[in-house]
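Chain nomenclature is as follows: A, B, C and D, assigned in order of appearance, with residue numbering initiated at 1 for each chain independently.
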Amino acid sequence: MVTVTVWNEFRHEQEDEDAAAVYPDGIHATLADALEGHDPVDEVQTATLDEPEHGLTEDVLEATDVLFWWGHIAHDEVEDEIVDRVQERVLEGMGLIVLHSGHFSKIFKRLMGTTCDLQWREDGATERLWVVDPGHPIVDGIDECIELPQTEMYGEPFDVPEPDRLVFTSWFEGGEVFRSGCCYQRGKGRIFYFRPGHETFPIYENEEIRRVLRNAVEWASPREGSPRTFGERE
Amino acid sequence: MVTVTVWNEFRHEQEDEDAAAVYPDGIHATLADALEGHDPVDEVQTATLDEPEHGLTEDVLEATDVLFWWGHIAHDEVEDEIVDRVQERVLEGMGLIVLHSGHFSKIFKRLMGTTCDLQWREDGATERLWVVDPGHPIVDGIDECIELPQTEMYGEPFDVPEPDRLVFTSWFEGGEVFRSGCCYQRGKGRIFYFRPGHETFPIYENEEIRRVLRNAVEWASPREGSPRTFGERE
Amino acid sequence: MVTVTVWNEFRHEQEDEDAAAVYPDGIHATLADALEGHDPVDEVQTATLDEPEHGLTEDVLEATDVLFWWGHIAHDEVEDEIVDRVQERVLEGMGLIVLHSGHFSKIFKRLMGTTCDLQWREDGATERLWVVDPGHPIVDGIDECIELPQTEMYGEPFDVPEPDRLVFTSWFEGGEVFRSGCCYQRGKGRIFYFRPGHETFPIYENEEIRRVLRNAVEWASPREGSPRTFGERE
Amino acid sequence: MVTVTVWNEFRHEQEDEDAAAVYPDGIHATLADALEGHDPVDEVQTATLDEPEHGLTEDVLEATDVLFWWGHIAHDEVEDEIVDRVQERVLEGMGLIVLHSGHFSKIFKRLMGTTCDLQWREDGATERLWVVDPGHPIVDGIDECIELPQTEMYGEPFDVPEPDRLVFTSWFEGGEVFRSGCCYQRGKGRIFYFRPGHETFPIYENEEIRRVLRNAVEWASPREGSPRTFGERE
């Protein structure tokens, strides 16, 4: 059984009416609700930027199997020491699921080694997420595409390393495409970048998106694997 | 300098008025014209299905650095012996560029190990090929996307192995996406699948598409590399 | 729960004293014994070359979640029709685990698209299989390397496509290396090539090797995934 | 034509007799000598840690097509600002060739997102670098393996992302293996990690190693590619 920690910047929902209307208790509460009580999730805890150590103490991270990350306007306020700590845990095997504007978070840029930049347009037009890897466990039970009536557009080029597996590619009504579901492994940890989730559209209420999030928890959960032994050898 | 052989099924253009109107001398002639006299191409020869050995004798293949492949309605008429011969040459280092409906050719399915199936719709709507790997030599001099006003749609899932490098992803007006520029290596040979090129739209007259084809020749040209020595070892 | 079918050529053990001494009931029996009664394996059945349809009828394959393949001196006797059938099942999601000299089987060559050739020496010297991907579920509970005191050597180059994940790399006493644990996905199916297993060394009695085989079953088991819908689209 | 900058920490050779005996003018001088006057290298410049800005001013980097990096005992003395600058240039297309103990450099760890840790033993025993990708341009003219009579051992696990292409795998007399030639792309830049090169063994005098270094320059040279346009889109 798996313990999930949902990390949220939690600023938009406190400062911006539109975001508060969609996510009154914060994006983290909605995400937690999508995961709680669903196999293989045993426990969900949340953490936010303005808590001490951003809510990501050594103890919290030690107990976390899979960490979700949502941030947007305050990436720079995340302390480097906490980023170091999260990176270390990922390399040891903790799963990390980076959502939407989290593409620009310190932790995602740290793990990717690139700018993670992209093109964008806040037009509220339709997005279709097409499954391009129908055998991947992250799409268990998902149809050939997920349609979201209103989204912010993200367009290529997306400045990330070529994904280990590309699971979703998005089509946007305005004419763009985007690699919107990207799997990586770094150290023993599995990382899933998943594009959907703007703060003023109720995307995390969508049942198919919630199904993907739960599948991603299962996929990203730590495996026992083999020891990582480094240093001088006799 | 590089010798290119353009192989074409050459049936549509002899049987179908619409195709003949667009490609009066055959698709192979238009492709040859796009390549001839352009660095790094030294010589272009063509070969078609109805020639003896489909025009792909041992001598022709031996002299070929990069082979283009266009086929559609007569894939089954290609002799297995010729497919064996082409496969062997690719593994030894010959480049192979598979175009459009060539996705269903025996040689492409042989090299991929999958069905190479996809979804399609002949609607003549707009396609945009977005560059997703801006550092790849196949997109030298290409802008962020290539727009084709009228195409046949190809949609995901595309049943091929995950590409070594994904260079283009297509957006279609009707709502689909497609991995339309896929790079593979098999043995010492480089393979590029490039989607554009329906027989009744003048896509191989498009200057950007022609630029991609020339770039692909350069990318797919054989390298010296290291010996492939197999068998019992002392 | 998972149903496994172990396919074995079963010739060496009937024709050759040394092989019969090591595997008196056939390699398939020893492999079945390694899997039976171990989570996640629910049922193990075996099939051999000389049975009708090589023991791989439509019904048997339909009921198989993961298929093991061991062959060596009679690859050519496997009917193409059965190879087609196995390939189709793999693309639909059945796992396939190809062992040792199975690198030259029709089904592995079919799925890889290459010759799958390599260098070899039957010298009975030591092999060490080093884990190069310690986060992979196939190495759950395995130490940093597995040492086998007596093996046949396989050396590079190994003419296969670059693996999706490389899990083991072998060191041989005689001076060679080999990519000895290679993961692939084709269609919805997962394929694991695992080098150990010469017919005259009791390698499938080794407890660590048996652990890897069981881990591989879990990894290769079919996932639900998303539909593979092909053809004309409205 | 290509301009190369060879960066060297240049401490061992000034502080340690054994290193000074092997590389009296510094490792950078020997590397420069291996490259100068050889196609496609047009110009070679060197830069070292103790120069202002470590010799890597904006102007120097702007003029550099491919940067070599050798460091060992003073990785921490490299200023983060210079690391930022090198990373930015790589993402824009500059090639980067990281040698031996440079695996622990700030710039390599930055681009990989992992610890880049490994096992090691300074035993002066034999290494064989086996070619596992005989079609790769980095092995042009190289035989099936390169033997180095005396080296420091590096062993797996090597904590890096799975390489885009694995070109060499090393065999060590003492019983270990290592992925010793690893290709990556980050942004538009190509990165090659190449293991050989301990400071007290004359490995950069070896003619085959020098051939690999020159091949790597050609492979890593910037391509024109396509624009990387980011930000808001109309």
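Definition applied: contacts are C-beta pairs under 8 Å (C-beta built on N, C-alpha and C of every residue); 3 or more make two chains touch, one makes a residue touch a chain.
Note that the structure is predicted; figures quoted are calculated from it, not measured.
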Count the residue numbers both subunit A and subunit D use at their shared interface, divide by all numbers used there, and answer same if that is over half, different if under half.
same
Which pair wins on C-beta contacts, C-D or B-C?
B-C
Rotation angle, subunit B onto subunit D: superpose the C-alpha atoms of these two copies and give the value as a multiple of 5 degrees.
180
Note: subunit D sits from subunit C at a C-alpha centroid distance in Å of 37
Go ahead and note the Å separation of the Cα centroids belonging to subunit B and subunit C.
33
Taking each residue of subunit A in turn, which ones touch at least two of the other chains?
131, 133-134, 144, 155, 157, 162, 164-165, 176, 185, 187, 226, 228-229
Which of the residues in subunit B come into contact with subunit C in the complex?
87, 91, 110-115, 117-121, 153, 155, 157, 159, 161-162, 164, 176, 184-187, 226, 228-234
Touching subunit A in the complex, subunit C uses residues 93, 131, 133-137, 139-144, 164-165, 185, 187-190, 223-229
Using the touch definition up top, name the residues of subunit A that touch subunit B in the complex.
128, 130-134, 144, 155-158, 162, 165-166, 169-172, 175-177, 179
